[in-house]
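Please find one structure pasted underneath; my questions will follow.
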Amino acid sequence: MINVTVWNENRHEQINEAVRKVYPEGIHGTIQSFLADDFQVRTATLDEPEYGLSDEVLNSTDVLIWWGHVAHDEVSDEVVQKVKERVLNGMGLIVLHSGHFSKIFKTLMGTSCDLKWREAGEKERIWVIDPSHPIASGLGEYFELEHEEMYGEHFDIPVPDELVFTSWFEGGEVFRSGVTYRRGNGKIFYFRPGHETFPTYYNKDVQKVIANAVKWAAPVERERPVYGNAKPLEHLTIS
Amino acid sequence: MINVTVWNENRHEQINEAVRKVYPEGIHGTIQSFLADDFQVRTATLDEPEYGLSDEVLNSTDVLIWWGHVAHDEVSDEVVQKVKERVLNGMGLIVLHSGHFSKIFKTLMGTSCDLKWREAGEKERIWVIDPSHPIASGLGEYFELEHEEMYGEHFDIPVPDELVFTSWFEGGEVFRSGVTYRRGNGKIFYFRPGHETFPTYYNKDVQKVIANAVKWAAPVERERPVYGNAKPLEHLTIS
Amino acid sequence: MINVTVWNENRHEQINEAVRKVYPEGIHGTIQSFLADDFQVRTATLDEPEYGLSDEVLNSTDVLIWWGHVAHDEVSDEVVQKVKERVLNGMGLIVLHSGHFSKIFKTLMGTSCDLKWREAGEKERIWVIDPSHPIASGLGEYFELEHEEMYGEHFDIPVPDELVFTSWFEGGEVFRSGVTYRRGNGKIFYFRPGHETFPTYYNKDVQKVIANAVKWAAPVERERPVYGNAKPLEHLTIS
Amino acid sequence: MINVTVWNENRHEQINEAVRKVYPEGIHGTIQSFLADDFQVRTATLDEPEYGLSDEVLNSTDVLIWWGHVAHDEVSDEVVQKVKERVLNGMGLIVLHSGHFSKIFKTLMGTSCDLKWREAGEKERIWVIDPSHPIASGLGEYFELEHEEMYGEHFDIPVPDELVFTSWFEGGEVFRSGVTYRRGNGKIFYFRPGHETFPTYYNKDVQKVIANAVKWAAPVERERPVYGNAKPLEHLTIS
């Protein structure tokens, strides 16, 4: 069974009544709930020791889900480096919404990860661009979120390895809202929706996408390649 | 359980004693054997009615494996069109070795699919280029085939969606020997090795790759998108 | 100087007064006009001998621009095959708007090239997705067409090698409206806008995109690779 | 005219007689020489003030070429950050050989950039994988370097946006030796050859590749996209 750890900054929930009302168990709690039938799911939050990301937790995590927003800087560079190493060693990583500005996402992407945004609660329609992709399994041609924060292009990310979803926004923007990357032995999925004041993570299609992504991002069974000085595999004829 | 159909031209086996000695049950029989533990596997060959590819067979096939060489032209354009439709509707397709020149592969690629080749029985070393890819699951950094036909670049294919393997050949060439493509709802994997006079399909790593590819290429559960004239989803304000 | 041939079906212009009013010299005439300052530009149309695409014309064309709609089937398979060969040999190809269903585009793509469409004259906003791409040179973050036909996802094309533009439509759809492909030695650019009843090809940004694309698609100076049987480049040690 | 700055660590040349013999003007001097006919070329080295990379130099550089090996760590994080910003703003970057481990390349890639290596002076044959790419302009199907350091897969880089070259090594390895990436408004080309003890940068094909890459990587004329809070472009109907 795939071991999932849902990491959440968990700050909005503590200071904002409106958010707490939508997510009384925290965003992490809601995500844990809908994944619990199919996966072994733990949660971890910023205010726990080692941010809840001890070596033991990381080493036993197959897929890490990441939600953060106002406290990206409070995550130490050291733990970011450890998470990155785990990804390069094969751990899957699913970065949600405002996690686009998390240290872990930015360091794995190598770009600013900046974008346009607007908190107007407008309509978002998420179109499936790659109908053959397992992350789109079970979805219709598109699904809608009546009220969401807008994220718009240009999204300053590397060219995605795979473009699964593109969003249409009522206010006139588009956005690559579901993109995948490979880094070392690990797989990464960024998924746009999930502003803290909207009940996005209760949406059945959003839940389906995240569950599909967990299966897709689970590590492939293999050792990390060997790097460094290498003996020739063939006889060299250098004079 | 995934339904696999192994299609083989099955001509070398009938006219060439050397090939029959290596593959007494035909190349299709050997492939069926090593897949039979994990999948529901049928075979189909050129000389059967409708080339063994009736609508009933095609419609109940999740992943089609294709081996052909000297008789590509004997497969009718009509059946090629039917196979293509099935791929666009979601059926996986695994094209092996000399199948690079099959009508079905060429029509799905849109290029000549030409390459360099040499039948000298030289050494091939197949390197894993994408260690995160499920098709590379369970493999080491590379595997070797002591005696194989050489295929060399330039391989006139579209830029692959994913490059999984690259071959080194003793005679000085390289080749993109494991590549994936998406076409409509379907996934395609081309895998280079498998000259008819060598026991390549008995190699455990080759078998692992093909079994991995079957799992990877299996259809995603979804309807094909709707095309054609579409009503607006939003109110239009055109004057 | 780059030699451009603008091919147009030129049928709407002959039978539809509204189209003739917008494009009195034909769509090809308008495109020729705005390219003429920077390139050597000819036109060719369906009703000319050999559709205006003799060997002499094709062999002296660096970049071919293609507009067609109601008469795709009138272009013979033979001339489509010749154009395809020229692309594989290095000629650039720019396919416009309804050319998505042309034989030449479909045969080079290998998919149905189908899409959603609606002739309501709604607003289209074309966003730059790849700001580093030469085809986007000199453009702002987006440009708008007040009245255009809608094309919507899913667009059944192979995964583009490069995604340059994505369109937002007033009616709620999105579309990958500027995409590139490489086929053999040749480069292909598909560009969405250009319905025959709208003055799209007079738009300065649309003109800029097409001119940029001509420069981008111009052939690279080189021979086509050699294919077929190949002598070893290294000494073989086969026993 | 394109402004090129050739940055070289320039340490081997000072401490190793063998290197000085091959590159009496330094690797940067040799690269400057063969580019000087076609471009405006400056050099910059590690031991100059600000490593030769003042704001004035960076801001007037269209394409930066980077060679480093033993002193990657001596380049300050601050200057690396400035170079990265310039790339995201459009400056082209060409990273050569052992520059795969430079801070600037690693931070733009987000991976370890590790690889296999061997200093045996064996034969490398560099095959053109993408014959349509401008960086391959004027080259044959392959070119050879009689004596080079080996770099072998797995090369721990993100999936390249474009794979231009793949190397065959006498000792049995393969390597993606010419790869491109886009980051923000900027273009990046990594090119493998160039060990300091071999006369690689005097090779005419190597010189052609680097000159081609300069042209390819030159900035596109455009402003960087606007990020941050954005007003709606359409009327919002939120209740």
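Points worth noting:
Note that the chains are named A, B, C and D in the order they appear, and that numbering of residues resets to 1 at the start of each chain.
Operating definition for what follows: a residue touches a chain if its C-beta (ideal position, glycine included) is under 8 Å from a C-beta of that chain, and two chains touch if they have at least 3 such contacts.
Which protein is which chain? UniProt says A, B, C, D = ThuA domain-containing protein.
In this text the structure is predicted, and so the values were computed from the model without any measurement.
For the interfaces B-C and A-B, the C-beta contact count is higher for B-C.
With each centre defined as the average position of its C-alpha atoms, the distance from subunit A to subunit C rounds to 36 Å. The geometric centre of subunit A is 32 Å away from that of subunit B, both derived from CA atoms.
For subunit D, residues touching at least two other chains, in rising order: 125, 128, 130-131, 141, 153-154, 159, 161-162, 170, 172-173, 182-184, 225-226, 233-234. Under the stated contact rule, the graph of chain-to-chain touches is complete, every pair of chains being in contact. Looking at the complex, you find that subunit A touches subunit C at residues 125, 127-131, 141, 153-154, 159, 162-163, 166-169, 172-174, 176. On the subunit D side of its complex with subunit A, the touching residues are 88, 107-112, 114-118, 120-123, 147, 150, 152-154, 156, 158-159, 161, 170-173, 181-184, 225-234, 236-238.
Across the complex, subunit D meets subunit C through its residues 90, 125, 128, 130-134, 136-141, 161-162, 170, 182-187, 220-226, 233-234.
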